[in-house]
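So, here come the structures, one by one.
Same chain, two partners: chain A is paired with chain B first, then with chain C.
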Partner chain A sequence: MNEKWKKVDRSSMPTAEDTRPGLTYWQDVWRRFRKNWLAMAGLVLVILIALLAVIGPMFSPYSYADQQLELSNLPPRLAITKLSDGLYAYVHKEFKLIQVSEDGDVLGPVKLIDDDLVLRTRTYELDGKEIKFDYSLANKKGNKQKFSDYGYNYRIFVDGKEIDPTPVKTTQNKTFVLGTDRLGRDMWTRTLYGARISLSVGVVAALVNMIIGVIYGGIAGYEGGMIDNVMMRIVDLINSIPLMLIVILLMVVIGKSGFGTIIVTIGLVYWVSMARQVRGQVLSLKEQEYVLAARTLGASKSRIIMRHLIPNALGPIVVSMTMSIPNAIFTESFLSFVGLGVSAPQASWGTLANDALGAIRSFPYQLIIPSVAIAITMFAFNFVGDGLRDALDPRLRK
Partner chain B sequence: MADMPLVEVKNLKKYFTKEKGLFAKPQYIKAVDDVSFSIAKGETLGLVGESGCGKSTTGRTIIRLYEPTAGQIIFEGTDIAKLPEKKLMPYRRDMQMIFQDPYASLDSRMTVADIIGEAFDIHKLGSAAEKAEVVATLLDRVGLKREHASRYPHEFSGGQRQRIGIARALAVRPKFIICDEPISALDVSIQAQAVNMLEDLQKELGLTYLFIAHDLSMVKHISNRIGVMYLGKLVELAPSGELYAQPLHPYTQALLSAIPVPDPAKAEEKQRIMLEGEVPSPLNPPSGCRFCTRCQYRMPRCQEEEPQLREVAPGHFAACHLLDR
Partner chain C sequence: MKKILALVLALTMLAALAGCGGNGNSSSGSAPGMEGNQEKVFTYNMNVDPKTFDPGLNAAVDGSHVINNTFEGLYRDTEDGLKPAIAESHTVSEDGTVYTFTLRDGVKWSDGKPVTAGDFEFAWKRAMEPITEYGFIFAPIKNAGRVYGGEIGTDGTGEDEVGVKALDEKTLQVTLEAPCEYFLSLTAFPTLMPVRSDVVDQDGLWAKDPAKAICNGPFKLESYTMNDQAVLVKNENYWNAANVKIDKIVGKMIVEASTGLTAFRAGDLDLIDVLPREEVPQLIASGELILNPYIGTVFLTYNLTDSGNAALQDVNVRKALALAVDRESITKLVTRSGEKPATGIVPSGAFFDHNDKDFNTVSGDYGLPASGDVAKAKQLLADAGYPNGEGFPKLELFYNTSDINKSLAEAIQEMLKTNLNIEVELRNQEWATYMESLFTQNYPDMARHSWTGDYVDPQTMLEIFMTGNPLSGSGYSNPEFDKQMQIAQTTVGEEHFNALYKAQDILMADMPFLPLYYNVTPMLLSDRVEGIYASPTGKYWFGDMDLVEVTE
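Entry: the complex of A and B
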C-alpha cells in the first residue's frame, strides 16, 4: 500500500525548534546582499579603497609633500633609451635625461655639466662618458618641425658619436608606480592621501545624513502641522544659501580654509536633502495601518519613528546616503579646485585633478589617475547602494 | 453595576479642518457629528453605512487615533476622550483594533513574532521567554503554526495576515475590540472563517466588539445590535433582528433593499428602493435632516428641523420626522 497518504501523528510533526532557525532581519539582508555579485564587488572595492587610504601611505617611502624637482613629471611607464652597455636613460619630455636601470628603477638625474641655451644643447656626464643632448631641431616658435635621421626632434651623442635614441623598451616605472607630478612628488602617495581626504568627506556626509537628516526629517514628517512647517522652513533657509557663501563665511569665522572648514560646511549643509526625503517618506508611511496599530498599542512617538517609520523608509535612505557620498566628494573637489578646499601641500583628488589641468596635453596621466580614482569610488558606492536597496526590501526575498 | 455598559459614547464629534486659505474661514468636515451609543459587555454592535459616512472615523476616534472634537467616550466609567496619552496607557491595553487591510496593517520589516510581541515590549509585560510563549499561544489560538513566528508578513496569504492582525490585537488581553471592516479585504471563501473565528474568540475570552462593516448580511449574522450611519449621524439603532424585520428610517429601508437575494424568482418581486443623487459633501451638509435631499418621503419640515434620535420602540432608536405621528 502507498503509505504517503496515511494520516501523520501530530506528535511526530516537526516543532518550531526543528524547522529552519529564523534569521534576524540583518542576517537576512546580508544573505540577499551576498548573492548580488555587483554589489559585493562594490563592497570589496570600497573596503579596499578605505584600507589603502588608511594604511597605504604608511608603506610608501615618500610623503605626500616631498618634492624632488629634478624628477618632476615622470610618467608611470618609462620608455628607455640605451646610451651604451649597461647605461640606460629616460628622455624626459622637457628634454632632460634621467638615468634609469634596465628594469625601470629611476636612478636619478644625470649629472649636468653644461646647459647651452643658445645652441640648445645640454652636456651630461655619466660613468665617465660625456653625453651631449642636442634639442636644436625641436620646434621653435614659427619654425617648421625638423627631425633627425632617426626620426626624432632631438639627437644624443655619446662621447661625440650619435646614437639611436629609439627606446629599446618600455617598462613600468618601479620607483614611482604612478609617476610624479610637476613638483616631483610621488603620485601614488598623493592619490592615497587624496583618498583619505575624499573618503573622510564622504563619511562625514553620510554620518550627518544618517544622524541629523533622518531624525530631523522623521520628526518633521511625523509631527506634521506647525512643527513640520517651521522645521521645513529652516531647511529651506539653509538650502537657499549658496554653498560657496557658506564656505566663505565659515572661512571668516574659522580663520582659514582647509579640511576642517570643508567638514563643517558639509556637516551643515548635507543633511538637508535627506531630511526632505525622509519627511516625504514618513508623511506617506505614518497613515499606514501598521502605524495606527502601533499607536493603538500605545507605542511612543520615538518608538514609532525608530521601529516602524525609519526601517520602512530605509531603502530610499540608504540609496540617498550612498548617492550623497560621491556628491560630497565632488563638492570637496570643486571647493579645492576654486581654492576654498584643502590647501597645498595637502592633496585631495580634486586638487590633484586641478594641478594636472595645466599640463593636460603633455602629461595626461596626472589627470587620469585622480579621475579614475573618483570614478571607481563612485561606481563602488553606487553598486553598494543599489545592492543594499534590493537587499533591504523583504518583498524581493527569494 | 451589572447593567453598566462597557463603552458609552456620548455626543461624539470629530471635525476635520479643511486646508484653509490665507483669508478664508476654516471649513470643517463633520465626519462624526453628535453620535451617541453604548455597548454592553460581551455584546457586538454593528455599525453600517455607505463609504464616507464616518463609521471608520467613529471607530478610530473611540480608540483615540483621532482626537475627538467634542463629546465623551466613557470606558468602564472613565471618560477617556480627553485623557493625555500617558494616562491613556492602561486603556490602550483594554481596547484594541483590527484593521481593514491585512496587507497594510502589518509592518513588512518585522517578523510575526515581533509584530505580535510588540505590545509586550511597549507595556513591558514580561521577559523574552514569556513573550515567545505568549506569541506561540496566540498563534495557536488564531489557527497559525508556532513556527510561523520567525517569518515575515509577506510570506502569508491575506487570511493568514488578518489572523496575525487579530493575534496582535489579542496580545494585550483587551476587553473591547473595534473591528474596522476586518473581512472586507478578504476573499469570500475566507470571510466566513474569519467571522467564525471572531465569534469563537468572543465566546472564549468574553470580548466586546464594535463591528464596522458595509456587508449588511454579515453584520446581521455577527451583531446583537446594529447602528446605521449617514453623513456622520447615527440615523437608526436597533437589535439586529428587529432592524432587518422592521426598518424605520427611510435610509435603512433603502440600504436593506439593496441586499441581493440569491433567488431570482424572489428578486423579481422585490422592490429596490433607488436613492436619488449622490451623498452630499460632508463639508456642506444639507440643513435639517441630512437625508432630506435623497429621501422619497421628504416633507417641508425635514429641511428646517433636524430630527433627533429617539426611542420609537423598546430598544429601537431612529431619527426621522415620519415617526412623530
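Entry: the complex of A and C
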C-alpha cells in the first residue's frame, strides 16, 4: 500500500454549489442591471424624484397655491444692491425694489410712498430712509438707450444722494429656492407638486398597462382564431383615433378638463401597445411543450395563461411597462401645455411651462425649471427601461 | 443608349438650373422698379377670430375694428371729432326729435351700386329686431325699443311706425322718442352702419364670405381664413378713396400674447394691443407702450337666472364676494397696465354730468373700497348663512382663454379661498364659444365680462343691465332700475343724469356683478405707422392712416 495515497472523506469535498452559487433568473437580471451604470443612475434618479414628490412639499413653508402678489417673478439667483450699511435690496426687472438680506433672504417689498408715472420715479421708505428709484433713463422713445454714470438704465438715490447700483454680490435666493412665478407662488413647491401629478400619471399608466394590457393580450393570444381576430381589431380601432381627439371628446362627455380626465384617457389608450406585445409573445409560447403538458394534466385556460405563459413573457412586459411611464408623463405634460390638462391652481409640469410662456423674454427661468424637470424624468425612466431590456435579454448574457 | 440617356438627363438639369437663375434674376431686376409704388400693407393682431363682421349682429370690439373700416355710417368718429361721412349734412327739428340726413352725392357700395337712404332704413330695422344682441342701442328712435322688446314688428304704421324712414334715395328721416344728446354720435356706431338687403343673411355668414361681403367703407374683405387671418383691401368705390393711403390690411388671429409680441418684434405686425403681462411693466418704463383712454369696465357677472347657483341669488353673498376681492392688488400687481380699480360700472375720468362733475366721483364707491374689506365680507357671508364659508357650494369661474384672464382668474380664486374659504374652480372657453355661453347664461356661477361704452354718456354703461338685454350676461332684471333707465333715455340734462344716478344706486344695491377694474387699451405700434386713431369706445380707424419710411 502506497502511503502517498489516502482515501478522503466525501463530505469535505467542495460541491458544485460551493464553487458557484446558483442564481435565480431575477438575481441574474439584477446582477447585470447593476453593472450598467447609466441604468443605475436612472434608477437612483427615479427614486429621488419619487421621494421628493411625496415628501418634498411637506417641508416647504408654502403651498402650491399660496400667492404673494408683491413678490412675483423673483429669480432663483438674486443680484443684491447695497443701499446703505445693513440695507440691501434686489432691483426687480419691473423697476421696483425688493428688500433682501445680505445672504439672499427675501424680506419683502419695500414700502412704496409715491409712484410718479410721469417722471418715472418711485419713492420708497425703508428704515427711516427715503429711497428714490428713478427709471426715466429706461425711456427709449424717440432716442437711443441712455445709461447712468454707473452703466445702468436706472438710478437710485438714498436720502437724496445717488448710490452705485452695481450689485455687491449675486447669491442664491434663500427664501424661494427656484424663484417665484407671475403670481408670487414658490416655484420649488409648484415643481414638486407638478412631479406628484406627473408621477401619478406614470404610475396609473403602468398599472393599466399591467392589468388590462397583459390580460387582454394574453387571452387574445391564447385563444387565437376568431376571438383573437375580433379582439385585435378592437385594439386597432382604439389605436387609430388620435389621442388629442379622445381627450377632447372625453372632456365634452365629462364636462371639464382635469386630472381625472387625463387619467381616464391614458387608461383608455395606453394598454393597447402592451396588449399587442403580450399577444405576440403568447402566440409563440403556447406551442411550447410545457403548455401541452399542462393542458394534458387538465389545467384551466386561466391557469395556463397566468401561471405558465405570462411569467415566461415577463421580460418584454416589464421593459414595455417601464418605457410607457415616460411616454405617459410626456403625454400629460403635452396635454397640460395645450390647455387640456389639470385645472388651476393645480400645477403639472406642462401647465407650469405653459404659464411661463408669456414671460419667456424677461423671466426665462420659469420655463427652464419645468422643462428640465420633464427632461430629467424622461431620461431617468428611459435609462431604467434600456437597462432592464439589456438585463432581461438572455442573449446579451456574458 | 446609356450615353443618350445621360445626355438627356444632363440637359434637363442644366435647363432646370438655368430656369432657376432666370427666375432669380427677373425678380431681383424688377424689385427696384416696384419701390416707387410699393403696396402699403398694414398688419395687426385681432387676437381672436371675431364672431362676425356683420354690422347688425356684431357685439364685440374685435369685430368692430373690422366693421369700422369696411362699413361707414352717416357720421364717423375720427381724431378730430365727429365728421359727416355717408351723410353730407343733417337738420334737426325745433323740438330736437326729428333728424333729417342728406346723403352725399356719389356714395357707392364696393360693387359700384349707389348707397341709398333705403339701405340705412333696411339695416336699422334689421338690427333692431329682438334676435340681435345689440338692438337696444336704437332705444332713442321712436318705437325701436318696442320692436326690440318684441311688442311690434318693424312694418307697423300709424302709432306703431318705427321712426326711421327713407324719404327718397338721398334723404333719411329719423324720428326720436325724445330729444337725445348722443344720437348724432350713435350714427357713427357699427350697428347703425348700412347693409345691403340683397346680400345679407340671418346668421351674418355673408360678411365673412369675400364674394358676398359688399360694403361701403374704405376697405373691403378680400379673404378670410378661419382662425388664421382676414385680409382687407382698399375699396376703390369708397367716396373718399383718394385719401385712403393704405392698400391692404391684414388682421391676424394670434391668441397667444407672447407669440404676438414675438411677431411684433420681428416686424411681422405693426400693431398689437394684447401683451404678455410679464412684459408690460418694462414696456411702460421704456415708453414703447401707448396707453389709450378707453371707456370700458371689466367685471365678473353672475348667472342670476333659474339655471344659476342658488347661493348667488342672495345679494349679501354677492356683496361678500365683491368685498373679498382686492382690486388694488389686481390692478397694481396682476394686470399692471395702468388700470384703475372699479367700484361701479361707470368708469372715472370719461363721463361728466350736467354740472360737469365726474359721474364716477359723484356716485362714490358704494362701500366698496379698492382694496376690499375682508372683515365685512366675512360678516356678510355669515349673515347669509355661511359662517366662514361653511356649506358654501364650490363655484365655477368662467373666462375666455387668454393668459391675462388666467392670471386674473387665479388671483380671484386665491382671494376668495383665503378671505372667505370659498372654493373656486376655473374653466375657460374660446372667445366665440364664450360669448355664446355668456350671453345665454350658459355657465353655472360666475363669468368674466368686460363692457366697452358705445358713446360718451354713462347710459351706455348702465343700459346693458336693463331687463331682457343679453349683454349683461347675468339675466338681471329689476323693474325699478328699468324705470329710471327709461326716464334717462327720454330726458336730457339734469333730469337725465338724476335718473342715471338713481339707476346706478339701485344697480349697486342689487350688485348683479362684481366690479374689477376700469380698462385701458395698451397698444404697441410700429414707428412707421402714422395717423391711426383708436377711439375711446375702442375702435380703430385706419382710413386716415399712412405708413412712412423710418430712417434710423
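Keep in mind that, in the parts below, the second predicted complex is superposed on the first by the 332 of 398 C-alpha atoms of A that agree within 3 Å, B and C clash if a C-alpha of one lies under 4 Å from a C-alpha of the other, contacts with A are read in each partner's own complex, and residues count from 1 in each chain.
Heads up, the rule we're going with is that contacts are C-beta pairs under 8 Å (C-beta built on N, C-alpha and C of every residue); 3 or more make two chains touch, one makes a residue touch a chain.
Because the structure is predicted, anything quoted here is derived from the model rather than measured.
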First, second, both or neither for A:135, with chain B first and chain C second: second
Touching partner for A:316 - first (chain B), second (chain C), both, neither: neither
Which superposed partner A:363 touches (first chain B, second chain C, both, neither): second
Chain B versus chain C as contact partner of A:288, first or second or both or neither: first
Which of chain B and chain C A:56 touches, first, second, both or neither: neither
Touched partner set for A:296, first chain B, second chain C, both or neither: first
First (chain B), second (chain C), both or neither touched by A:267: neither
Chain A contact footprint on chain C (complex, rising order): 256-258, 261, 276-279, 281-282, 284-288, 329, 333-334, 336, 338, 401, 403, 406-407, 409-411, 413-414, 417, 425-428
Residue numbers on chain A that touch chain B, as the complex places them: 14-16, 19, 21-23, 25, 288-290, 292-300, 303, 307-308, 311-312, 314, 394-395, 397
Sites on chain B touched by chain A in the complex: 60, 63, 65, 85, 88-89, 92-93, 95-97, 99-101, 104-111, 113, 118-119, 122-123, 136, 145-147, 149-152, 154, 165, 168, 172
Complex contact set, residues of chain A against chain C: 65-67, 69-70, 72-73, 93-95, 117, 120, 135, 138-142, 182-184, 256, 339, 343-345, 355, 357-363
